[in-house]
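Paired with chain B in one complex and with chain C in the other, chain A is shared by the two complexes that follow.
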Partner chain A sequence: MTTVDPALGRPRAFSPVGLSVVRRHPLIAVLAAMVLVFQLTTGSFLDPANLSGIATDAATLAIVAVPLALLVISGYLDLSVGSTLALGGLVAGWLAGQGQSPVVAVLGALAAGAAVGAVNGVLCCYLGLSAFIVTLGMLAAVRGFAQQLFPLPLSGFGSGFAWLGGSRIAGIAAPVVVAGLVLLAGALFLALTPAGRHVFAVGVNREAAYLSGINVRRTPFALFVVTGVAAALAGAIKASVLDSAVAGTSGAGFELTVLTAVLLGGVALSGGSGSVLGVLLGVLFLGGLQNGLTLLNVPTFWQQMAQGIALVAGAALAYFAPRTAR
Partner chain B sequence: MTTPRYPVDSVTSRRHFLSWSGAAVAATALTAAGCSAPSGSAASDKAAANGTAATAARLTKIGLDYPFTQLPLYSTLVKLSTAGAKKHGISLLTTSDASNADTQATNLNTWVARKVPAIVSFPMVFEAAEPIAKAAMDAGLIWVTYGGSLEHQSADIQFSFREGGTLLGRAAAEWAEQNLGGKGKIAFLTDSTIELGRERTKGMIDAFTKLAPGVDVVAREQAIDPDTGLAKTKAILAKHPDLNIVLGVTDASAYGGFKALQQAGRSKDHGKTFVGGQDGSAPSLLAIKQGTFYRASAALAPKDIAGAIVDVPRAVAAGKANPSAEVPIALVQHGDDKEIDALLAQNSQGTS
Partner chain C sequence: MTEPSLRIRGLTKSFGGVRALDGVDLTVPMGQVHALLGHNGAGKSTLIKCLGGAYPPDAGTIEVGGASYTRLSPRESISAGVAIIFQTLSVVDALTVSENIFLGQEWTRYGTVNRRAQEEVAAGLLERVAASCSPRDRVGELSMGQRQLVEIAKALSRSASVLVLDEPTAALSGAESDALAERVEDLRAQGLAIVYVTHLLSEVERLADAVTVLRDGRVTHHSAVSGQSRRELVKAIVGETAGLPGDTAGVTGDRSPGDPAEDIAGKSPTAPAERIAGRSSAEPAGERPQERGRVSGPPRLTVDGLCGAGFGPVSLTVAEGERVGLYGLIGSGRTRLLETLFGRRRASGGTLRVGKRVVAPARPAQALAAGIALVPADRRRQGLFPTLSAQDNALLPAVGSLSRYGVRARGAERRAFDALAGAVGLRPARPKLSAAAFSGGNQQKLVLGRWINDVRGVDVLLLDEPTQGVDVGARQEIYRVVSSLAAERGTGVLFASSDPEEIVALADRCLVVAGGRVVGELSGAELTEQALLSAVHEAGAGSAPPLSPPPPPPPSSSPAQGAV
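Coming up: the complex of A and B.
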């Protein structure tokens, strides 16, 4: 049996599917090793309750990481997601606190996220400004706007709104179900739709994509909007889980965490390559690492060092392994 | 602040946009500079030249440099201090340090250069603030250190951050003795990144471990925000599902722990669980008032702090003998409805 290497367009030697996947996503091996070490040293890492906790915590990260990964694949970047998350959580919490239904509260958050994403999209895709500068500016501007609108912490959103973050669907926490749907949608979009292929085309060579008839503005613009919506949804979920939201601190630093997950997952910052499976692995790696170090009761500064070293090691492996696999 | 209007073509080009936004930024900057320009800079210069005593008579501005602008307390303090200063014909200036020590130093140096007559500063790094305070004093300005003391200063506003932690630790230890027979498990959500956090952490841990030596300390985890408090407590609960007590260096982190325990199945009023924090933030105060297992908060009264921000520089300016102030920290628990209502009312003044 032979398979066709899509990169080279010619048959290559037989390779078991599992091994091939591991070669393409070396983070799987790192993740497996990490899980093994944490289980052996803590004895409780694989407990269902702990895994459920990791999944719930990682859910909001995954919800934002998937559209952000698509945006990065298309050659753009959104650093404003942390502030958008805060704004989404505050808007949803405020609406819920005003007695609005959870649906209205979430829709309000999504509208706020879409607005932020649309501003980013117009400035970056249609006016050609640097995505790095624009979204960095929006990171500060949206945070300031949120603090101006909601200078004090919001809390007590009611039992209806608590459903979003606290309920279980078929025994699985609602945020994990939402994250699963986002991951599935992202994977199907990339694999099965023409627009998904356009994301890669725009990221690989914008000019060539334009000459091929692809609308090189509309696709990334839509991704900016979707990323904003996803960040706001994550904010609403966090607000629901915590039954509170604070303008100054909600989602602070989240943009770097989610970008780290995306890059760890093998998405190229220069655009043009990446996969949703890789993003899922990056998210699980970050969530598992944080949880395991806490279980081990590692002192704070050692935790920071260990996290940094593990991230660099994971990224290095993800970078070098595909080359050796070819 | 006004925004200038420019004719915009029906088809917005990139060049038009760039020229428009450049002009808007420039105009906004000029307008902002105009808004915040010292109305009596000449008077301030003269006052500085004649030393602090002369500044006293012309104390028209107080600069409040509170670096943690992301905290809810910030907006409450600014609101209350501005109102308090206005009663004495004083305007309040503020910095925007965004929790960055470098930005703080730059902003303070700017104020010293502009001779803002009185500066109340909460230094993120006290050693870094020392030369700036000296420069301010040399220029004849009033320097009030917030949350500690410097060698060069006119006065200070002190809080015993360690005392806040001690109050909380003591309350939790007493509760453990009464309700757990002096046994059980505790997790501390700590902060070791800034002096304030280290002091609170030390007070909290020392007091608790001294008074409740039979309680097993199962974790000391860095957490100052609710997200981290939630994630850390969930992980701790995975290993120690029988965890009884979570004490936080902030109310925010403790509130995350409170939610993690609830999500693990504890009823809101679980009799064998104690969560406590520090700050006196609104969600925590409400949880305490409702009689949940969030049982205590070492709270600062924003009104007292805001009063000191205005009164201490005025006392220095008036030449009073002991102008410094110490703002008390009080432990609020279930049943302290009057104190909780008063704190909630003060906090709500940041909204309007």
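Coming up: the complex of A and C.
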């Protein structure tokens, strides 16, 4: 997958802007083809109501995918986001159910997510343990912890909390607005801040970054915390939309869906390359695929297969496609 | 003469527009050691890689053991009987010695590896190369010298008839180098044709039956080694065309005619006395961007009794604007010393002062804050961000300082990059091109450029093997950049090198390092390549043969004089 970070990837003067973006993100073409096929076969794919549904579904994915992508670019990984999402939803729902204001409920969820992220970050960045192992362990541990705290499904969070998932801001669903802000923040972070450069540098060559005087622990640690917070926020939004949260099943398998979106979006699992635009495309592609197949009444297990095939096909295409000058 | 084991004719290979090899001939009969000499970038590596099947040649033929090839695949190369021992050894640390020797050609019985039979044969091979390790030792636990012998044993197990050794002593201690030289002599006696790539003329004198010198992809010299003076070899290597010691301009750019005899005959040194007294014969005038002199400013870096794992105690000073070389073999502690000064390793004792401030950097970031910067030796592992742009590579440490309110200052960054690219002579000076697309020399300029900007001043610049894997042209530019940094900004430069030529070309003063200590100091007229070589060999291995070579022959004995 051709990935150039947005700061460097400004199109050259002589090539049309659109074309160069498509060349860097071939997923755009795939996405367009998919939209066309679904519109022709279902006839309702592009209805505003359906699009808004896709956007709302994809919003939670995007909120977690952006910080996770930054983490992967810096050479780390977080597999625990599915369980963190469940924990966040449960904490927020429980607080709301106790009569706390929605703001307190959400802040409680974010604190829980930050705690999970901080544990991940300390173990991976400061103690140098493998992120794969640590976050795989946390995936199981946090899920178990959530089940211990909330053995019974929670529901009935009240109308105040429902605002988070159901309200509209300027005609746009609140979760979509939040996702938009997260995407924007991620893109600006990578393009405009020195720390954004450091994320790439650490991901490409950690030793060289260290010898260049960069703090190679602080930025990835912060990204672990932000990823945990984002997962918990996504959990709170989901709990609000569904008006329920279940410790055993909420967000189960979510970590792999998010990772699929991130990798489809052209972020290299080995670190050092990726872009927020790519992540957005990956999220839209997965959301659109799921929605279109549902409209076509394709059974769920076929949908899962399609998702898996898309990931492998995307990787294969990127591998066999002629390399552009990098 | 016996049928040659290896005969290369007219081998030509270009990369882009650059001719890396241009009609090279090389013939090595059985039982002969053929030394291959030349500067970095002269085409030695390309020649070896064509031989090993890594590159397909554009033209020419390679004959091995009677069969002729226009190109070889790696597999064909091995089955034809060519074995190449690269500088970076290709042994697998986690496997045992015998497993390494039989890797890819395991002996099996009933579908399982016949470990016992392998170990028996391996023991025989190890004996043949006089290795002291056992077939069951893990390679990761062996010394570099033993690992090299394991690779040679592996080559023998494949019944190689042509053995190529690529700078085999570069990573060895003095004693290990001597042991290797004996092994090479044994293998010659056993009838192998050996191509011996080296920088060290003393090795040529000791081992080689014939010599070929490459420069800019052409053979500039070919002869039997006996009767060769070092001076002639050096001339062929550096392509020295002018005899004037002060002539610094034309030397590197000049392409001397292919015929070395004519070359030597045509140009006679005009100031022989000074050459002998002040300069080693191996010192091309062009590698001297600045005159050497005693620099006696206030100290920029003062190291007092510094100790750490593998070195010390070391005391030294670098004055303002002074370029101090650390000459020593690999493993002498040079790198550890530099890394400790830079906070990459922990010091166990001693003090360190930058100017008058005492500093104790625990991390590179702290060293940088104190004004100490390091250009590490291993560019690929420690220096470069290959997939990031040139601008990112060069400005990484400065981006934070240039930013305002946490937001990057794009315009200032671009200006800083342009200034820096001009200062180091980066080619092409394209900020967005990824670093991997640059040549080794320009990649090194990017890494060096990190510490040459106005944003973040550097008081002390440490360089470890500053021109490793850098072509000749870029070498000169790097010397020029470092020298002007010292001259114009008063930066104290401390650089480590295992290349005596580099020390002579760049240093005002040189400290000889062996066994983790400073064992000698050379400056002014005594700082010559020969003096360095003998100093380090005397200090290093006590068993080393007397390496102080005969002084460069007086001009009257050279053929050049007769012609004039």
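Basically, the second predicted complex is superposed on the first by the 294 of 326 C-alpha atoms of A that agree within 3 Å, B and C clash if a C-alpha of one lies under 4 Å from a C-alpha of the other, contacts with A are read in each partner's own complex, and residues count from 1 in each chain.
Rule of thumb we're sticking to: a residue touches a chain if its C-beta (ideal position, glycine included) is under 8 Å from a C-beta of that chain, and two chains touch if they have at least 3 such contacts.
These figures come from a predicted structure and were not determined experimentally.
Look at A:G213: by the touch rule set out above, it reaches chain C but stays clear of chain B.
Greater residue coverage of chain A by touch, when chain B is weighed against chain C, goes to B.
Shared-chain residue A:S159: touches no atom of chain B or chain C. Residue contacts after overlaying the shared chain place A:T193 against chain C, while chain B stays out of touching range. By the document's definition of touching, of the two partners only chain B reaches A:T249; chain C does not.
Judged by the touch definition given at the top, the superposed model places A:G53 against chain B, while chain C stays out of reach.
Chain contact summary for the complex, chain A toward chain B: residues 42, 44, 47, 49-50, 53, 56-57, 127-128, 147, 151-153, 155-156, 166, 238, 241-244, 246-250, 252, 290-291, 294-295, 297, 299-301, 303. Of all residues in chain C, those touching chain A in their complex are 342, 344, 363-365, 367-369, 374, 376, 381-389, 391-392, 396-397, 399-400, 403, 406-408, 432, 434, 436-437, 450.
Taken together, the chain A residues at the contact with chain C in this complex read 8, 191-194, 196-198, 200-201, 204-205, 207-215, 272-273, 325-326. Those residues of chain B whose C-beta lies close enough to touch chain A in the complex are 12, 14, 17, 69-72, 74-76, 190, 192, 218-222, 225-227, 230-232, 234-239, 241, 252, 255-256, 259, 263-264, 281-283, 286, 347-348, 350-351.
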